[in-house]
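Below are two complexes that have subunit A in common, paired first with subunit B and then with subunit C.
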Partner chain A sequence: MPASAPEPTQDPLRVGAPLAALALALAFALAWGDPYALRLVALSGLVATTALGYQLAFGHAGAISLFQGAAFGLGAYASALLARSVSSELMLTIPAAMLASGLAALMMVPALRRLGAHAFALATLAGAEILRLIAVNWESVTGGANGLAGIPAATLVGVALPRGLPVALVAWALFALAALATRALTRGPFALGLALMREAPLAAEASGIDTAARRLSLFVLSAAIGGAAGALHPFTLGTVSPEAMEIGVMITALVVTVIGGSRRPAGAVLAALLIVHLPEWLRGFEELYLILFGALLLATILFAPEGLVAALEEWLPTRAKEPDLPTPAQEMLAAQPAQRGPLLAIDGIEKRFGGVTALAGVTLAVAAGEILGVIGPNGSGKTTLLNIVGGQTDADAGGLRFIGRDIASPPHRRAAAGIARSFQTPPVVPGLTALDSVAAVAPGFGARMLRTARARALALLDSLGLTERAPEPMTALTPGEARLVDLARALMLRPRLLLLDEPAAGLTDPERTELARGLRRLADHGLALIVVEHDVDFLIPLADRLACLEAGRLIALGAPAAVRQDPKVRAAYFGAAA
Partner chain B sequence: MTAPLLAIEGLAVDLAGRPALRDVVLAVAPGEAVGFIGPNGAGKSTLLKAVMGLVPARGTIRFEGAELGQLAPERRAALGIGYAPEGRRVFRGLTVAENLDVAGAAGAAERARRTEAALNLFPALRPHLNRRAWQLSGGQQQMLAIARALVAGPKLLLLDEPSLGLAPIVLEELTPALARIAAGGTALLIAEQNAARLRGVAGRVVEISRGRLSALVPGS
Partner chain C sequence: MLPQLLISGLALGAAYALVALGFVLVLNASRAVNFAHGDLVAAGGFATVALATLLPVPAILLLPAVLIVMAAVGLAIAALAYFPLSRRPPAALFVSTIAVGLIIRNGLDALFGAAPRAGPPLLGAGLVEIGPAVASRQSIAIIVAAALLIALLWVLLARTRMGKRLRASAEDPEMARALGVPVARMVAFAFALAAALAGAAGLLLANQFFVTPEDGGALMLKAYVAAALGGWGRLAGAVAGALAIAFFEVGVASLLSYPVAEALLYASALAILALRPQGLFPEHAGQRA
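For the complex of A and B:
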């Protein structure tokens, strides 16, 4: 199984990660019980926790944040300042540090909203640098380059917590707590939706997933967890200095996340212990140390590209597990509420791309329960029309009304309002099965919601004749099957209007017949469908009305037989064959 | 009979640990057009990929009498095997003209002649020569993928579902055009879902089912 699949059940290292972390920490502490060794164990716990938080942004949301080190440092300063002036109670300093780091990340959100991968990374790095400069230069508060010393020992619920074993235990307990608290986010439909979002952002948006909101909220949460880890840092040393803010902390979090595995809590444990202890183990090599360290890092990336945990799993005996298919839910097709007037009204839509006119004033209406077929030569604007209704492209002029209202612009809002679509090139997320590609668009967190989502997804795949293919990875499906999975994904949203872009392409004749029957059944239940298709033998018997576009203009609209005979349509589209 | 251009014997391919092709035997003469039909997942695309060297295969594939063995895809292309994969694989960031130009190793005059021929086949591409490929519609990208394969001037052209996403009026042109290409001496292997799409092009239609060539149907 690919390591990127957020499959929760069959992976012992993931299930036991928090417990294993504590056990490992204890073993280390008992075996090397001197104060310096214990400080390293505590530090490993903090690094693991910081990396665990970073996994949310980097691994799950696919956001290359370079802020995690600053979040750690800000947490450390917040905690140290509180300890010196108010109290060193962890029940106070940890939440305060989380708040500080979370708020700092939140303040960056308006700027980050529209930034793509590289600009996002640079902007977060700039935010981190600002925090570091404040720590160095605001001497009256932060102590400047020297930092703050004399930080009293921590207390936990009033109990004194001396340095050494107690702090080390609390550090690892914090990791276990963070792992448990984020469990629901990293399994379940939400996590599947994140996989869809990383690999196929357009399809995720069109499935009602607000990709920006998910990415940014995980970024803020990852910073808050980094802050929590930072909060303990002053109590391991008794001091805090700008070193806690420097880029080295960020690089450590990044390295731990890459070599451990970017979505693996157990990987954070393993890699954090390694990163913190390797310098000690390699100390004898003196100047060669950095070279050796670099070589080890490179070797890991080369031989375990999915991280150490995934590589270990290859070696461990895995229990062969039957694909765990849920019982299909009773799907679904509730009759749609009655609708007076058109469900969708397209009014004078125009769109130009550079010098090319894609749509030159198209006016159309679709009623509930109607199948509107759209034909036209290649490049006549058919897909652009679907993109404008689906929200993937903005029109230059003209209006859209859905259920009598103007429709909100972002695609995920349109999906929520009841407009779903399939894609000409269906999204294929490498780590996901066919079943999970469909379940990914369901709302909810955690394992229970995942079962519900999978049951619904299976019912939809079943209705499209894909039950046997449900447990297969998407990469093993034929293009035709991937197209049907894409249709199931769209239906998962329980839409009122379905936009289909060449749904029959790549299907065999029996599959085509089956698909036509299925689409007719959807329309009978009140769904409106707009179907762009070149296979006229498929489309003409299916469609209630047929529209023909040529060079962005509607040249014919009406009963399929009449449109087929229209001389303009014959000249532009059918040629002599019709 | 002339020596075959392509001779496949005992070809077997496994994908993800499962047999995808078994015991494939096929000989293609220069200028011959062979069509493959069969349901989704039967192995049509896999057969084309095996000839191109894109999937690991057992058995022998000889091209112009020479065993291809483990030869890399780009070396096979240099020998004269062209491939237009399913799914509109064009260089999205390049212009249409650049897409056509990357394909040919021939001299400028010969390339210009082939480009002209490809554009006559797909006149819909002509107004878009200076646009980036990603700005084309899906069907236009499909035309571009086929045109690019033609400009390379292959002796054997592998076409995976060339009709996908093309308007009827274009398909009507495509059939005689492919027939002309074959008549000009380029052998064609064409995978299609629909046997009707091969009518007038393929001299032979081979059915693939569950990874085996199951029947030879004379073309019309």
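For the complex of A and C:
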């Protein structure tokens, strides 16, 4: 589905259509010379900029904010107050407005940190409502419900900018500037990581991505951009009033973002021009056009979830895209530094879920270059053990030491320290190709870093026999292939310890042989592997040692052949399986 | 003075509790927030106003009709904005229910206008003396009516087969489905019940506090604050949270002003979310939707 791929396609038609619409709108406004028409063009620019900022939070970070309207309004008031008391120089008022709105958003971060999607939205609405109440009621400063009139005309580096065409041009220049400034965020490995984080937060976190930090920083940035757009609002109208702060602004930003496509700057241009002008074309239906907004919003989310602009583009002719594969990077695995003693020491780990004991004091160690297989019947605690080492679950008691140090707690820091894992159900991000699913965990911004990340990702997919499948969307892959892509994602982190949860499930026999060979190569490079597997026949020839869990206890540990013959193991595992 | 404040706080809190209970019912059953929930309260208020012009009787007699109409609206919302999107990411439900709220709000505006309208009193106007305090009959009637509705809801959830099925499918949809509970129908039932409760709150509030199409936003926010204070997802907690909010509002408003009370309420809610995310009255920290 190219529509949702984070990197916009380069097709000239797709960028050209919004630009043509904008040029047309400007030409139209110029030809009629109507100050009102010019004001609408300027307002469209501010709405597009606000929506562009909102795309970062809503579209890219999956942070459903209801604060963007208040951020716009706060920027408007900050800018108007400065213009009345200090100066209407845009080089002052725009940064000041961005600072005000960004800081207001930042102040909410401690409250937002732990909230899920919908609770996040409502908490941001509470913040927005506080600002609106202040604007309406602090009359001595804000002018109350009437607002402040007589805002002097803006200046830009000292040059006066009267209302009309100059302000309209500056509004759209601000949009272009914001789009350019955020380009690196929305097209590099960082943006791929955001896609992973939206669709598979657990996998993103296990890949070293601090999901909360990314989500909240984009929320703050989106508010700052909303503030910048708001800063121009008083100079567009000559006044500022609580209307700039009301839910209507927020709804407009949301409608533009949904209709234009939640990750498309070009969509914001078209949708903003449309939404700002729609009420003018429907004069005489004052309340009805707002109902129409609601219906449009509902219809879009139901029938064209990628946005109307994307749906229209389906009708435009597109050039067939060449599969654009980079040259695989040469180096695949960093040489592992020498390590004395065990790489990972698990000491007396206990875990209970309610009344169920998942792990009852498990002690294990893995050395660099070793493959430790973990077997056991269903519900014996194998996956819980991996989750505790990976950080997805906290242990009730016991200790973990990695490279001789206690392990930091959040999963993303464990991943950064060198612990990577695969998942029993591999993450499938609908908008991403296999290649980008792997590249998503690389650090960095922008197109150059993306090339580097893709080259490394391709080398890893290559080594797992997936070169052909690299340009395919994840949704087209077989479950076995998705599992291998997940393994490549984990290897992309250059881990020292790799945790694999049923890596052979769903694989064909040749794929299994290939996988076993690949895992052995990794161990030979000095990686430590813990492989949880149902299929003992896969593990016996592969593992250096085998551990068997039963009901949360370690009942056997040693050479695979010996563990297999152990009567306790036979009773618990093979007996149960047969 | 104090007894009067207590009674008006209790009356406001009783109405807020109905709103918050509906919010939490839908939250638990669908793992989603219905962002049109506040607008349903306004819709209930205007339904009462409209019915009263046709049939000038005390509002208590209009209550059954309002409950039925609003339950139907709740079902329509579930069918239009929830079920087609239930498997999509939370942002889709956010957008669809916001859209529904926008349609309801501006539909009310088109039908009734933006000016505040008053519904009929529950039983009658006038004052009653309770010991040293003088309270309006309407406040007392609100408290009694809301308490009866909450008691009915409790009986429905705790004692009837329907209620048990609803709770089972809210707690563990997979398990409930395996046991033969029609989970989708239970979600629809929760939407209907929530809308009916919101409508009842609208009817109760419409007399003393008037009703305007724009009321929804603040009521939605208060339902959320009540749910967050009461421990996300807990019905009893939501009632406690709603009463706490109302007493806070009435108390602070009597000392300072109503807008200050509202702003302080939201600021305190954000502070509590930062410092005590499990809520003020938690049994156990629940999953945040």
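Structure notes:
Basically, the second predicted complex is superposed on the first by the 533 of 578 C-alpha atoms of A that agree within 3 Å, B and C clash if a C-alpha of one lies under 4 Å from a C-alpha of the other, contacts with A are read in each partner's own complex, and residues count from 1 in each chain.
To be clear about the criterion, a residue touches a chain if its C-beta (ideal position, glycine included) is under 8 Å from a C-beta of that chain, and two chains touch if they have at least 3 such contacts.
No experiment lies behind these values; they were computed from the predicted model shown.
Touch criterion met: A:115 reaches subunit C, while subunit B stays clear of it.
When the two complexes are superposed, the chain touching more residues of subunit A, out of subunit B and subunit C, is C. Contacts of A:198 after superposition on the shared chain: subunit C is touched, whereas subunit B is not.
In the superposition on chain A, A:511 makes contact with subunit B only, not with subunit C. After overlaying the two complexes on the shared chain, residue contacts for A:372 are found with neither subunit B nor subunit C. In the superposed model, A:464 makes contact with neither subunit B nor subunit C. When the shared chain is aligned, subunit C comes close enough to touch A:126, but subunit B does not.
Of the two partner chains, neither subunit B nor subunit C is touched by A:209. Put simply, subunit A uses no single residue to touch subunit B in one complex and subunit C in the other. If you check the complex, the residues on subunit A that touch subunit B are 353-354, 356, 375-380, 382-383, 424-425, 476, 478-481, 501-502, 505-511, 534, 536, 572-578. Interface residues of subunit A, counted against subunit C in their complex, comprise 58, 62, 64, 108, 110-119, 121-123, 125-127, 129-130, 133-134, 136-137, 198-199, 247, 251, 254, 258, 262, 287-288, 290-291, 293-295, 297-298, 300-302, 305.
Against subunit A, the residues of subunit C that register as touching in their complex are 32-33, 35, 80-81, 84-85, 88-96, 98-103, 105-107, 109-110, 217-218, 220-221, 224-225, 228, 232, 257, 259-260, 262-263, 266-267, 269-271, 273-274, 277, 287-289.
Residue ranges of subunit B in contact with subunit A, taken from their complex: 15-16, 39-41, 45, 86-88, 124, 128, 131, 135-140, 142-143, 161, 164-173, 193-194.
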